[in-house]
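Same chain, two partners: chain A is paired with chain B first, then with chain C.
Presenting the complex of A and B:
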């Protein structure tokens, strides 16, 4: 018993030593490397990912079998044994015409991801060819003072990611510029806070779909005369309006709960109202404001998909919806690819916000 | 929790972005047409956006784009899938789309006082036939014993709604309303499923000025579902059957969730189906563009009706930006066949017609048929004088634009002169309906009263 423990320990040490040596070679700053942290931070998450994929694979397989059995059974009752055998053979052969339509397996999703990337390359090449083709014409059109011809093909999955990010950032900035100033003003005055409380409470839980329709009603009339596509304007304003409430509430709360001592200091120093806001109130309410902004960003990313879907604005939302409508054999796996990409981008956005928060606030230990 | 996981995820995504943002194959499309042919028409607006709904009968748009017919006319066209017919109508009226694949009834209703009003014009009829009525597996199993069988043991087509009648009574007796889906209140599908039901004495419900649901006195409750969502809605059990365009009937066969019982070819042989619609304002401001678009679409229709081109058309339509369904599903109805019950595949060469029988010509008589249907089911609530039908349709159907386009095509040698119909803009071909009555657009009243 004891021996084995020591053996383990020496092995552990050896491993750690080797790893340390390897790490120092790459000049990675790792003052104290120990196996436990390594296990906890790398091995355990990796294992959980593997476990997740494994469970997913098994689940997908089970669902596939249920669908396949049902199909074979149905062929048997409707058309007899021969048809059932043919169906079973057809399903086993992987022919598209009879594949059960259910949760795709991890392998299928990976394949779809590669298809989408390949598709992106094809579209990029096509775009380039189109540009060359129309170069002469566009030169002529520009010299005549007309708009140049733009690419007429569809956007690829990667392009749609960037369109979506664009919409989210536009919406987020809108939310920021509306919610933070209003939040500060409301936070400074109890009267105003009471006056507007009902409005915030009523509008906060409204569904993104309803916001979209409301914005649609207004923007449609405002852009009556222009021929430009208002889908982008409609979607980013809706995203902003949906997502701004968390920031508004948090800013108001942060501003109103600033430590009395700070306010008194400001009074003693005879700071003007603007100086008071910028030097005292804002810095001390920053943690709460940033918590609000982080919620706003994740809400914005979440509602975006629903809004794009309805507003027909190009992006991940419409990608998911189109694939659902297509109902082709690989549509389900493309939807899952989009799901992961949406999740990962949302996760990264949150991390970026956290980093910014840590950079600007006094409290260096803000955590998720 | 700024853990290593974050970094791993970040690195993975970064790699993914780098991998796909990288070099593009320059050689791939080098061979593409380098020069754009000069069009004989002066195009006012070369950059256009057209909408469509994911259905096989949007094919002329996809073909005109993919085969370069639009670019031959100096047009640079993007086509965008839309979510539902209401959205299509709104986006055309509001000018976000320059034109769109639409239900024949939509421009007509917009000019005749049902639903949102606007001045829309139709210079091009996109296709004939192409719809089917599908019921769920459960309904089919109850319906099947009532269907007469032929010598080969297979059901005799066309199947009439008489076979469905006892099933509806069953549902009624157990307290469940019988619900079916169609795609839009003024769609061909709504009128076809109503016609099919009514021919068997099943009341599909009336519209009135106050009730726009169309469910007054209804034995079958019809509701609107966008075409591509039909199979999913049927699978979820919200509706027990539907009338929709292809490929959404064949999709039900492939997914094993329903059985098509009849096609609209059996209800009314060679009936007009979808149209291409632009606003009157657009056509007046851009007359040459409208003609050029029509030219490209006529050529696409002609290309589509050459049987050897159909497999290629299926391949194009199955791309995700067009219809997106699997090739096998699309091919089932696009290549001269139609599959009813799984395994019961029958020959139906005229299931989709894009050019033959003057399919692309916007006949006034076709438009008037829709007006009579709107009157029949109460969507036009008050009686109108005979002259009203003709006057209304003349503002909407524009065979004059079609003629100009076709004459140019004849001059350029793309179509033979014999393809331009000599007509008084009424379709002279006798019509055939499932219950044996015929319809003549010159006397719409006789038909309504029947």
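Presenting the complex of A and C:
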């Protein structure tokens, strides 16, 4: 455990460094140094992060001890005192072969993160070398009308992040292009809204897994004769279908609940039906549409992991599942790394959407 | 032929048992170039009356005739200034006005539209704020934008639904003068709905009280025989002004008393005495 504590300290140092960087930025913004704001904006969040890591560390240690005691006890009952002593010594020595399998400590997770980054560097270098090696050959193959040789090695963790982002982006676009137009049409007509309401209410709560299976049934048949990447198609369509409901409902609501004053203006100005939709109804429902899109994006990112996991599509979801199946010594900590990365990316996506929302809508007070 | 004519107009909201009769037996004639004010209590159905005239609502029975033709829809000939400004918040001042100009002059070039927008924004003294959003403006400025938007469409008749109701006294006075100036410049027909008798007397040729609803109907008209341009400060000493004002207020108060008399029901209060904490 000693080692982990020292690593923990370096981690703290790094966090302190980040805090200093944040502080310098803060200072640039307001030349007057305000202790109260500094406390509230830098020290308090920092303290809460440290508290979180501390609690996690203590919890992981406790779980580690329970697991270790159980292992020693089992050795004692199965093979006698000598084996138990050997097991205790083995655990204490930190040997990989006998480590208890439980919640990893923050230090282990940090270590795994570094391992994954190092692994990524190795794989990228490998990829680059491969590209250089095959460049001439590929050119020749293309000129001959053949497919170029592509790198088929294992994707790194970072590559998988981008694959996942790619899938989410495709799914989000699909959701956008389905939900917004349908939402507008449904919102404009009471009759259509009543006609489709049951469908929305019934399909909205359906689990991502079921959507995946449904999409699988259809896509499997549709792509029978093609050699395209059906796993990607299945996962992005499922993500889109799961996530589009928030946008659909919000768009329909935004369009149907436009302020009556604005409708009166449209009537008095005698705008045509299309002008009325594009110049009055849509702008006034933009804030709600964007709220829906924000929810859609975060739902898409959330269900993506489950869907990738089941669809065998490469990405963060399958990374997590493979690591779990793998059961290697550092698998658990890699899963936790993935968890944090998923969380951080999700947070960033939400922030991006919020920024866009504030840029396009007249309603400037949208917040998290 | 009267310019605008309302014949036995009734307006009922809802149907069957839940129907509420808002306006009953409204008869009104406005001649071309006239400035008519309708004065009434809040909730007496003034906005309903306005919407019937501008074409947003249809009468349940009776006829609304504009230049002899029944009103079936809104028209660019009748410009409306709404009570709550109704500016589109995502457009700037200029864009709000431009939207109206574009639909009123669909065949004109961009330069014409731009010039007309600038001209009308200038007219209401908002040129420095032409690129601002309604949210950044004060209530008076917003109402001026609404005035500019309505007038930029070059309507033959201006219908104003308590346009100055939400403004403070000073801004109100200024805008009254501005509206009068515009009205007298090319003698458009104007209908002003207001709850302020003084405003009506200062601005209008005729004042017609609206008896409070439900079943609201128009009362007898009061002619304002005061020469234009009227001066606000001198108006207070004008005997005609005093007489007319008193007559209108007396009439309105009379309605108020009548209303009270109707609701002179006795309510029996429960026999409760406050608890004594001393004993």
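Note that in this section the second predicted complex is superposed on the first by the 338 of 368 C-alpha atoms of A that agree within 3 Å, B and C clash if a C-alpha of one lies under 4 Å from a C-alpha of the other, contacts with A are read in each partner's own complex, and residues count from 1 in each chain.
The rule is simple: a residue touches a chain if its C-beta (ideal position, glycine included) is under 8 Å from a C-beta of that chain, and two chains touch if they have at least 3 such contacts.
The model shown is predicted, which means the values in this text are computed figures rather than measured ones.
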- [ ] Following the overlay on chain A, give me a clash-or-fit verdict for chain B and chain C.
- [x] fit
Open item on the list: By the touch definition at the top of the document, which applies to A:247: first (chain B), second (chain C), both, or neither?
Closed with: neither
TODO: Quick one: classify A:296 as touching chain B (first), chain C (second), both or neither.
DONE: neither
Task: chain B versus chain C as contact partner of A:357, first or second or both or neither - done: neither
Open item on the list: Applying the document's definition of touch, where does A:112 land relative to chain B and chain C: first, second, both, or neither?
Closed with: neither
Open item on the list: Taking the superposition on A as described, I'd like to know which of chain B and chain C A:163 touches: first, second, both or neither.
Closed with: neither
Open item on the list: For the overlaid complexes, name the partner, chain B or chain C, with more touching residues on chain A.
Closed with: B
Task: Closest Cα approach, chain C to chain B, once both complexes are overlaid on chain A (Å) - done: 22
Open item on the list: If we count contacts the way the header does, which residues on chain A are in touch with chain C in the complex?
Closed with: 261-262, 264-265, 267-271, 275, 279-280, 283-284, 286, 361-363
Open item on the list: Which residues of chain C touch chain A once you look at their complex with the stated criterion?
Closed with: 54-56, 73-76, 79-80, 82, 84, 86, 88-91, 99-100, 103-104, 133, 135, 153
Open item on the list: Please output the residues of chain B touching chain A within their complex, sorted ascending.
Closed with: 1-6, 8-10, 12-13, 16-17, 19-21, 24-26, 28-30, 32-34, 36, 46-47, 49, 54, 65, 76-78, 80-83, 87, 91, 94-96, 137, 226, 228-229, 231-232, 251, 254-256, 318, 320-321, 323-328, 341-343
Task: Of all residues in chain A, those that touch chain B in their complex - done: 41-42, 45, 70-71, 74-75, 78-79, 83, 96-98, 101, 117, 120-122, 124-126, 128-129, 132-134, 137, 147, 149-150, 152-154, 158, 220, 227, 229-231, 309-310, 312, 321-329, 331, 344-345, 347-348, 351, 354, 367-368
